[in-house]
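Presented sequentially are two complexes of subunit A, the first with subunit B as partner and the second with subunit C.
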Partner chain A sequence: MATLAAVEEPRKTEETALITGSEAIAVACKLADVDVITAYPIRPYDTVMQYVCKLVSNGEMDCEYIVAEGEHSQFEIVKHASAAGARVFCGSSGVGWMYAMEALTVTPALRIPMIAMVGNRALDDPGAFGVEHNDALTVRDLGWQLVWVDNAQEALDTALIAYRVAEDRRIFLPCAISCDGAFLTHSQALVKIPSQEKVNEFLPPYNRGDLLLHPDNPITVAPQGNEDWVMEIRRQNYAAMERAHGVIVEAYADFERIFGRSYGNPFFEEYMTDDADIVLMGMGTLSISVKVAIRQMRREGKKVGFVRMRWFRPFAAEELAKSLQRFEAIGVIDRDYSFGSPYLGGVLAGEIRHALYPGAGKKPPVLDFICGLGGREVTVPDVQKMADSVYHAADGKAQPLTQWIGLRE
Partner chain B sequence: MGRLFAIEIIYRGIFQKTLATRLSRSIVLAAHQEGKMGISFGRYGDSPERNGIPAKNFAIVATDEQTLQEGMAKYEPKQVDVTIAVDDTLCKGVESWAWYGLQPVNRLLKPGGTLIVTSREGPDAIIAMAHRKETPYNLAIVKGTVSFSGLWVYKDDHTDVRILGAIAKVLPDLFSLTSVQKVIMDQWKDAIKAESAARAYERIGTTTVRTDQGNPEVPYKFDFPKWHEMGEGIAIPSIPAGRNMEDPVSHVHGGFQPDRNPTFKKFSTRTMRPVVNFDTCIKCTLCWLHCPDSCFDVTPEGLYDANMQACCGCGVCEAVCPVKECVTMVNETEFGDNASQWEAWRNDKEGYQAWLAKKIESHPERSHGFRYRGQYEEQVPEMLEIARKG
Partner chain C sequence: MSTYIQIDPTQKLDPFKAVKKLPLEEYFTSGHRTCQGCESALVMKMMAKAAGPRTIVLGSTGCMYVANTTYYSTSWVLPWMHTQLGSSGSAALGTAAALKALMRKGKMKKEPINVIAFCGDGGGADMGVGAISATLTHPDYNCLILMYDNESYANTDIQLSGSTPWGANTTFSTPGKVKRIMHRRWKKNMAGMMAAGHPTCRYVATVCMSYALAGMNAMRKALSIGGPTFIHSLDPCPKGWDYDPYLSHEMGELAVNTGVWPLYEVEDGVLRLTGRTQQIAAGKIKRQPVRDYLLKQGRFAHFTNDDIDYFQSKVDEMWGKWLVPGVIPFQREVEADNPPA
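Now for the complex of A and B:
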């Protein structure tokens, strides 16, 4: 009898690999055994599709890998595949994400648990490739869950968590994982890759149940509806997003139990806040410069802390407001802009002020810093400058509510 | 606070991308063998890459997590322990297509740091090409033909492992030869590669470069305008039209020299340059017509002078020229300046012909990219022989 080639057993041990944030997400797709992946190149997102392609070509991953003719089709194809019961992945960056906008709007409405990676990139023009958060933020009102990560390990782990949350029948909403262009998408770091066994334990198969588009389950998806129907449909999505908070907490607790890696509060990371007078806030990889600057400032006796937002949708307003009331003043670093918005600030600062407004108790002043646009570095001296201004605000000295930092002026 | 190491790899875009990536990755992996942590990345501003344009990869390594963050808080390190130039002509200066001006190859080196160059040249030629530095540094040469290949292929000529062996020698605190060999075996399972690394480790020597050695020129730079000084609507003024040229002997005006961007010249992309025989030129216009960088100045008598401030060295002029040896591509290491060939010819035609003949002798001793079928099959055994024998 001919000897058959040994079938590879699922890996039971954790391994360490030197991979980029994008590659970490591709590895998560492999571990999650994603069924359908669509691609259309735009940097910095394209690093994910390239790595997925490599995994498929090398026989390490089995999925339908479709290169669409543009981002709109790219997102439409996976939307339909998901409706038919496939676990799906796609992604884009900057104006590519914008080109898909019509598909992006219908996806949460149909309760499609699509996972997308947004390689955050400045919107055109002037055709920069560097990070800015405005691309992902354009879907913040539509029913997309939005999460920001700041390192490759967190990218991999969050992708697994995102599948678990999005595909939970109580939720069925898409989730975009935002990865800062260059700093995360193009930087290789040492990442622990969990075993397939543990991933299988954490992530059940996608079961679309009563919403499965299949001949055995005759349904019509997205018929025309008018004013008699729309509000109720929107209210359902509102309820699903409301439930997402609790499902995220559950998923992180299970993640810690199975993988032994803890992220603490799922929604935001607090760094040196226990005794902090003031805090800075922000999303994504600017956390590294901020943490380094905070360690320097603490050596000078300045008690500065940092709160890094992970989940922007759902927004953990109550927990955040409770935490932020401990501080004398808050400085929000916006790697985005919202021209003409209240106090001409960025998106995150507006949300933070909003979160603080209804609660009882102290309302610390919130300053906004527009910084690091188009991939510009947020430097340690930039962070020190921001912290100094926040200290002045804490001391009751008038400070401009919105300041541009790191600008040539 | 632990120790932070930074290594930069300066390479030629597209042709050496895989080489540079393999180097920066292997540096991090070799250091990780000794319990250090690190990251490996390419300079994002260099991307998307263009053929031959100088680009950079970095490996940042630290003895602990917090120290690594100190290194990561600056996207591009301000100082490096080792600079690796995988093409000797990069020593003339590095101008990224992201418009940073011309930067000396040794700009980021710490005092006493080491510049590792792959080259067939000796230390004197390399030192003469590099700009002067205010602090002494060391030069180490990994002997061999400069390794060029395409973007999606890799020419496996042991350049990467030989450089890794050299790093273990010049910066032993980063990693040992044993760690390099372990990483080579883990990644490529090739004992001959591990042996090449060991030979490079044994052979590599360094020369100290003094502050009075090197190219004394001040490289051109570029100052960014403030936000309110910039035009609105992302509109920028065009480069003005050109002007007549002046004959250095007769002082006759004529021909046409286009104006060029004074702060974005691109000539550091060049690894070979065209030399022109003005006595055999038939003024057919083909070089001028085909040059993708409009680098040919039209002289008052209707000849074509390749302007070395603008030439990227692509070789199209040589390819389209119908006259034998009228335009010949020559290794860029053979030249010490960007002076006009036409002016030299006008001033001394006999002297120019002698100079030209001498330059053409060294053709062809290098090529970029993939030029003909069977090229790698010829080059790889040569390089392996150098790796073995030195």
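Now for the complex of A and C:
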């Protein structure tokens, strides 16, 4: 399974456990002392709620654990609990996430620091339990912070970091942690579980402050603003998202200081890029087969690197553009689609091209590969095929801008 | 009753003895821009007074959101928060759950705080019925959902809802040259449905602000009994029902006296008819003909005598044939239902 990201010598205060990505997030909820959690079944995210249920029934976790009657209510319940001062957790997958869309829309608008897990799943129809990233990506414009992780340790750590960032008064925006359905939600790995003392040192209590809905603070929340004020209020959310970049950097630095585990650049992971001619890019667990393929290709003398995006919102455009200019050509692997978009590509490729455009300097060609939809595996031969095409582009040979890889002929 | 879950802390609010005993403090004051004669605004004012200062109010999208909370001129003295159209149940549940968790874990001072979610008939009887139903099944949380029913989506231009009476003229059921009756659905029986369908919900009541003291005392009982509760208020609406605003109070009385709007409460599973409805059922006063009620409202101006007779027959059926008159619409024998075409 997943290799653990740069882990130091185990500390005495840490336990190691063999757990799934979902269980890792449940453990993070326990360590974060979450107050209100709402569950509703949809595969594959719902395993996190099954683990939370056990933690509650075994007395390991003290929270209100509410089973809602649908995702819309599921997200509305925790939204209101957060407004009343509670630390909250929620989550969903695929069309469940879409069913909650109205609630997902107002959550960042209300500056609710909800943490949600998205067990990425293909949208209906046709039915598929497997991973696609379109579910989480639907909220990319709304003020949600979006982060993709690729192993259980990173899931646990990122959940703690997400609470720290989201509940920072400078931010107060929700954060969705995307975990690839099945490949991460249901796959076990050895995870270092930090001690409660260290978590308490890292994560201060949630303080709703002057926005708390309480009889001692009789405010009116979310009135009618209309053309008089909506634009100024939107601008505040814009500013919060602008600040998020710096707060995330702070949080990762503190995380490293307290837990002794480093993620390097918080926003994207670079793998074998130092001497790379070309790079592939992607999000989530496809990193595993990409890394294996890269090691094979390097034995054949092909200098291929990989850039795995973690934070999609906020999007670290300047840092990314600076890094990507080092390469001859870039291949973006999209585990999503955006029908009718520019060059008929996926969402991630569009964002990468956007990030590269205004920057000064070299603009390497960007190819887009739609791959691994509906939970189809991204195989090592798939990755080699993509890398070959990117090499051709680097050599100036015309390549289609968007290619579907691993498609049955 | 010992069969019910006891929640600590739960509010203790005694009934008001008389109008003159009401507190002078207002918690819903100036700043709103509801229509003249708006009975739903009266619900907000009187119910906030009944609940008192240690209260959190949630308001789902509807008249009482749009008209009451213009930015910088809120009419709420109590803490108030908007919730989405179908979310009154979820808003009440989430807020109550937060208070419970935070007080239990020592993160907030322990005290009874009322949680009230107001929804209109569109938010309650249509879009939000699932979330309200779910909330009423959660015995561990003290919260009240009050549906202020003006029988249409009155803020968005008077469109029919599941709570609009049969035949009414709305902007989605405008009578035309060929079809006179565009709205052929009978009004949903929300309070009866909530009471019958949620046996652990300890208090359900119907009220009308023409009888404000009774309504406020229903509110105080709902907040004090423990667990989730539901109140359904019928609110005459000059704009949606098309009558002169000075008639609002009388319109509510007519709704009750014609038997169209039965007043009752279901407390710990025991049904009690209240107010004039009780007197009608006891035979002390006679039900007025529905004609007196319908013909005062422009929304029924297109009714023929047949339509009025049909409406009367349906109300008679409520009183004569329902298993529990005015409340539970089962009959021992079902007769053919032939509405005029």
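Keep this in mind: the second predicted complex is superposed on the first by the 397 of 409 C-alpha atoms of A that agree within 3 Å, B and C clash if a C-alpha of one lies under 4 Å from a C-alpha of the other, contacts with A are read in each partner's own complex, and residues count from 1 in each chain.
Keep in mind that, in the parts below, a contact is a pair of C-beta atoms (placed from the backbone, for glycine too) under 8 Å apart; a residue touches a chain by one contact, two chains touch by 3 or more.
Nothing here was measured: the structure is a model prediction, and the numbers come from that model.
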First, second, both or neither for A:F129, with subunit B first and subunit C second: first
First (subunit B), second (subunit C), both or neither touched by A:I219: second
Which superposed partner A:C53 touches (first subunit B, second subunit C, both, neither): neither
First, second, both or neither for A:V249, with subunit B first and subunit C second: neither
Touched partner set for A:I288, first subunit B, second subunit C, both or neither: first
Which superposed partner A:G375 touches (first subunit B, second subunit C, both, neither): first
Touched partner set for A:D35, first subunit B, second subunit C, both or neither: second
First (subunit B), second (subunit C), both or neither touched by A:I258: neither
More subunit A residues in contact [subunit B versus subunit C]: C
Subunit B and subunit C contact sites that coincide on subunit A, given as residue numbers: none
In the complex with subunit C, residue positions of subunit A that touch it: 33, 35-36, 38, 62-64, 66, 68-70, 72-73, 76-86, 102-103, 106, 205, 213-215, 217-226, 228-229
Subunit B residues within the subunit A interface of the complex: 24-25, 28-29, 32, 37-42, 44, 47-48, 66, 69-70, 72-75, 224-228, 234
Subunit C to subunit A touching residues, read off their complex: 53-56, 58, 65-66, 69-72, 74, 76-84, 86-87, 89-95, 97-102, 104-105, 107-108, 113, 130-131, 133-134, 138
Footprint of subunit B on subunit A - complex, ascending: 16, 18, 20, 43-44, 125-126, 129-130, 181-183, 186-190, 288-289, 291-293, 295, 375, 377, 379-380, 407-409
